[in-house]
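What follows is a structure written as structure tokens; I'll ask about it next.
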């Protein structure tokens, strides 16, 4: 009973504001004359034609998602391993920081031509573009997380001869995991943005490509359906991420709650 | 990210002059790292990994950079970009902090806005370009719209995490001593959230720079991005990379500034305390 | 229950009642289970009294203190302070929390930490400076005004929290196991400090501890709480001389007697633990 | 210095020396200032001994323990364990840290926390399960195998840390003020636990505390450290009966005598504080 | 922005107009005309705003941010088919109409076995934008050479990145325009077809355009601007050396390349038949879903 009540409330909370905003959008654009702001009713009506009645879901959305996951997973692997290394060593950190900040500040669209020189124009390049964006929040958060490992735990591990991979996994990564997961969340939403940007170059399919194509061919209603779909995708992925986070970090949330004296 | 602020560190030495020495001590390996990076950039085209026609060695980019520095137009463009970046970032910071505090301190609001935030956050700014041009044309305001939209989320999310991290013992202490809601926000919530805000500013600063340049590149508003676009469409490869290097250096400068700000505002924070003590 | 000591209190009801705790009950409602932390607490504290509260771990001492401080609303019953029912932190009350380390603001210097509540009271600057100086002086911290809390040792941090409470010039001072993490010597010093402050300033003080020796050494009265769900098991008047010191008082026979008496009560309290979890 | 007790140690040098601390000196080098935490410590611990180390706050007790554990390198002098000079955490040693709350892995259940060092030792699974079970049983925590550390009360967390140390089957067990933040009753229980474990398993134990009563109650010997810069002030043999219990032992005359003796030494140590900060 | 009704914008008799244009070879006449004072003659003061192409220029024009803009004909036809009220007012540029001597074409890597457009069947071809003038005319080339355009795989690649992609054989062929056309050929790329020439004789590639609203409300200004730009086009066509020189002022093209490369034709006339041919090709290739009457778009 109580559980059911909580679920209902959570669903209501998740849907209330979007519903209100959509209603507002609907009303405000109901008799919109502006070419670029078609009535929401038209946009919603077009969703079916544009995405569901065609093979766009498998031809455009699926490859985009695959590239997104590829880039994201690579960024996780690279960000976490580099982050652990950089976070553990003051020297390495001092050595790398300016270069990393330099690379971080370069806009992906101008990075694309360089990447194409090395990785060609296929999916590899797009995956690399996504990687180049997701990497930073994951890397920075991992570095900060690793730096903050509790000294007492470090000494405990030394005393019990915890070394090598066991130390890395049981101490360093687990201890930094709340921060790493924060990085993952930020990285994922940047990844979606980069997914679109990567499809601005040398693409012939993809969700981002479709949106840009609609934009270029002045198919504005269709473009809006794409943007809505993109937002929906972001929301779904964020929800998945939350589920993942709750599972992996259940200890962390319990610990925090305990520290707060049971109050939330 | 937990309230590690509570650990008593044994560092009891004087704090004066520490920040200066720390950066001075840190600069050397940083410069060395950068030099190594430049050397590898020089080597890649020279040993024939890629054609120097498409990725010139860094020495040629350097020459182009010197040429750039001699052009008045370059400095105007740099000024335009920095202005767009700074104004946009400022708006995003103020907006993000305000909205973040309001949402963060009212759990109901937080609960009800979470899904909308997750929905709006991944919508790429680039998708808003036609809208921006339609509403604001191709001048600074369009750039600002994109910059603010993209960097706002970075700040907002950080502020939300920060506000959530307030130690209940600290809040209760403040309450018993008669601090009202506003005074508690000012003296307890704000200092707790400040480290998160600064990290947010650091992340947002980079995003804002990227967006300012991308927007100039795509919309054609004046600035470095536009210069990059012109160089690119004219096939002036070395010049284009010189401009890219300028954006990268801008990023490094922004980060240095942000670190300075952090050192100054957060000398009490455990992460910096530890650096001083260790 | 110790009939003798109970009667003693009932026989001589204090004249000027400052704090009146009436049938306070507190149930924590949690997911799936609710805990009755405090079942029924009734007692009064006279103006200028120094009452120690002891009880086994988890007895609900902190819960009681938070109810008195107006930080928690009791499930039933009420707390009356100076004739008024408490429903939020009352003015003129200072609390020293168990987690002193977390109750000092790490982003403020020691001076600022002590001064902040005075600013809230809108005291003029000169008066604030005077109070801060006096309070820090009283706890023996004349030379750390400009330091940050985390630059101090645990005992010093604790003293800053106490200084903040004194400087506030409260009518009533609540302290929750304030010396739990301090070494024996510092602890003894702080105990003497609390007694001398109480004697000098006459602040009504409620002191929560789990250390029986400490409670007997410090208090004029000791309230013994049962384990959860909590009631008042005993109310012992400590008839030791007003001038106490660590060596002679602690080795006096009366001290040992009282200590033994309280110890027994606590042992009984532990055995008598009721069904506290209401499914 | 108490000549009598000093001689006692010198006269009867323990036969089977397990730990030999030879002229250990430790200076913390900081920016602008360096602190000589430990000046010159020399003592030995025999196999199977239970030695308590007391000293005022900041005496360098933790520093000493870390040097023995191989976590800190002494500035001069050396620590010899079982005939070998220590230069890193030696195998077969277990440490229970002062901050027990921070020394358990919050992301592992109690069982996993205890098991992890055994995995590192590459013990077979069945043996691990047996050791974990025995150790948790010994500290009276049979029913919390699956709980996370933060779901336990402070005293229980402390016992998990102790269980982890026992399960490791160390030759030597170091404990650093392990009961500082635990309430009196739990503390008494844990003290009895440590003694009974020591008697049953015969592990050589070094127990650091700032509580004189505790040191006298627990130890076979008590080392008294001076305040910083630290030397060994006294080495008191505790000639109390092997079977001790909280009420009778603590109220025996010999206990009070020994307690008084150690207390005096510490008072002297406090007065005799040298110039510890080398500018 | 300006208003023919005669408000403050017309200070001192000159009208300020904003023109959106890509900083490429094709718009040299606009810059040359400004330099030569052809616009000043008409009391027009032009501010050229760099855009990246139709995506930014069309909304700019629709919103009134730009009075006029430069865009390729296919983009304009698509926009028109989407009911955007755009109208071309003057030619932008045209194909030279000479096979092998156009300002753009299909190139292949130097040792590629491909020699004719027909052999592009089943290959990967880079164009700057999909569903635009590039793929439409490349298909026309292939069709004309007897190949099957439906099996060609087009990928998007910005012109500046094409020479490198061809050189590294990332693509089998690419449709490139100047100055990258020359750059690619310098690196050894071979031209296999001139797609503009294959699509239609003297194909009009791009046009200056505005909205119907501007044409109605600022008829006079439109007329003056059209006159000035047509004069500029003609001048540029007659003085290619000056056109090459003006390039260096608004682009960063290497002077050596600017000297060598082929300039597009600026005939000053929109070739209506070629535009209709293009529109028909677009219908064949599915860029538009119904037949577009180019008369609506053209002046």
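Which chain is which? They are A, B, C, D and E, in the order written, and residues in each are numbered from 1.
Keep in mind that, in the parts below, a contact is a pair of C-beta atoms (placed from the backbone, for glycine too) under 8 Å apart; a residue touches a chain by one contact, two chains touch by 3 or more.
Because the structure is predicted, anything quoted here is derived from the model rather than measured.
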### Query
Hey, how far apart are chain B and chain E in touch steps, shortest way?
1
#### Entry: Best-connected chain pair, where connection means C-beta pairs in contact
A-B
### Query
Based on the averaged CA atom positions, which chain is farthest from chain D?
E
### Message
Rounded to a whole Å, what is the gap between the Cα centroids of chain D and chain E?
### Response
84
### Query
Between chain A and chain E, what is the separation of their C-alpha centroids in Å?
38
#### Entry: Mean-CA-position distance for chain D and chain A (Å)
49
### Summary
Per the C-alpha means, the centres of chain C and chain D lie apart by a whole-Å value of 32
### Message
Quick check: what residues of chain C touch more than one other chain, meaning two or more?
### Response
153
#### Entry: Set of chain A residues in contact with two or more other chains
36, 113, 117, 200, 215, 220, 255, 259
### Summary
Residues of chain B that touch two or more other chains sit at 3, 11, 54, 129-130, 134, 217-218, 232, 270
### Query
Given the complex with chain D, which residues does chain C contribute to the contact?
56-58, 153, 155, 180-181, 183-186, 210-212, 251, 256, 266, 270
### Message
So in the complex, the part of chain C that touches chain B is made up of which residues?
### Response
66, 69-71, 88-89, 91, 93-95, 97, 99, 101-103, 105-108, 116-117, 120-121, 147-154, 157, 164, 168
#### Entry: Of chain A, residues touching chain D in the complex
150, 152-153, 155-156, 158-163, 166, 170-171, 174-175, 177, 251-252, 254-255, 258-259
### Query
What residues of chain B sit close enough to touch chain C in their complex?
3, 5-9, 11-12, 167, 169-170, 172-173, 175-180, 183, 187-188, 191, 194, 268-270, 273
### Query
Which chain B residues qualify as touching chain E in the complex?
51, 53-54, 129-130, 133-135, 137-138, 217-220, 226, 229-236, 239
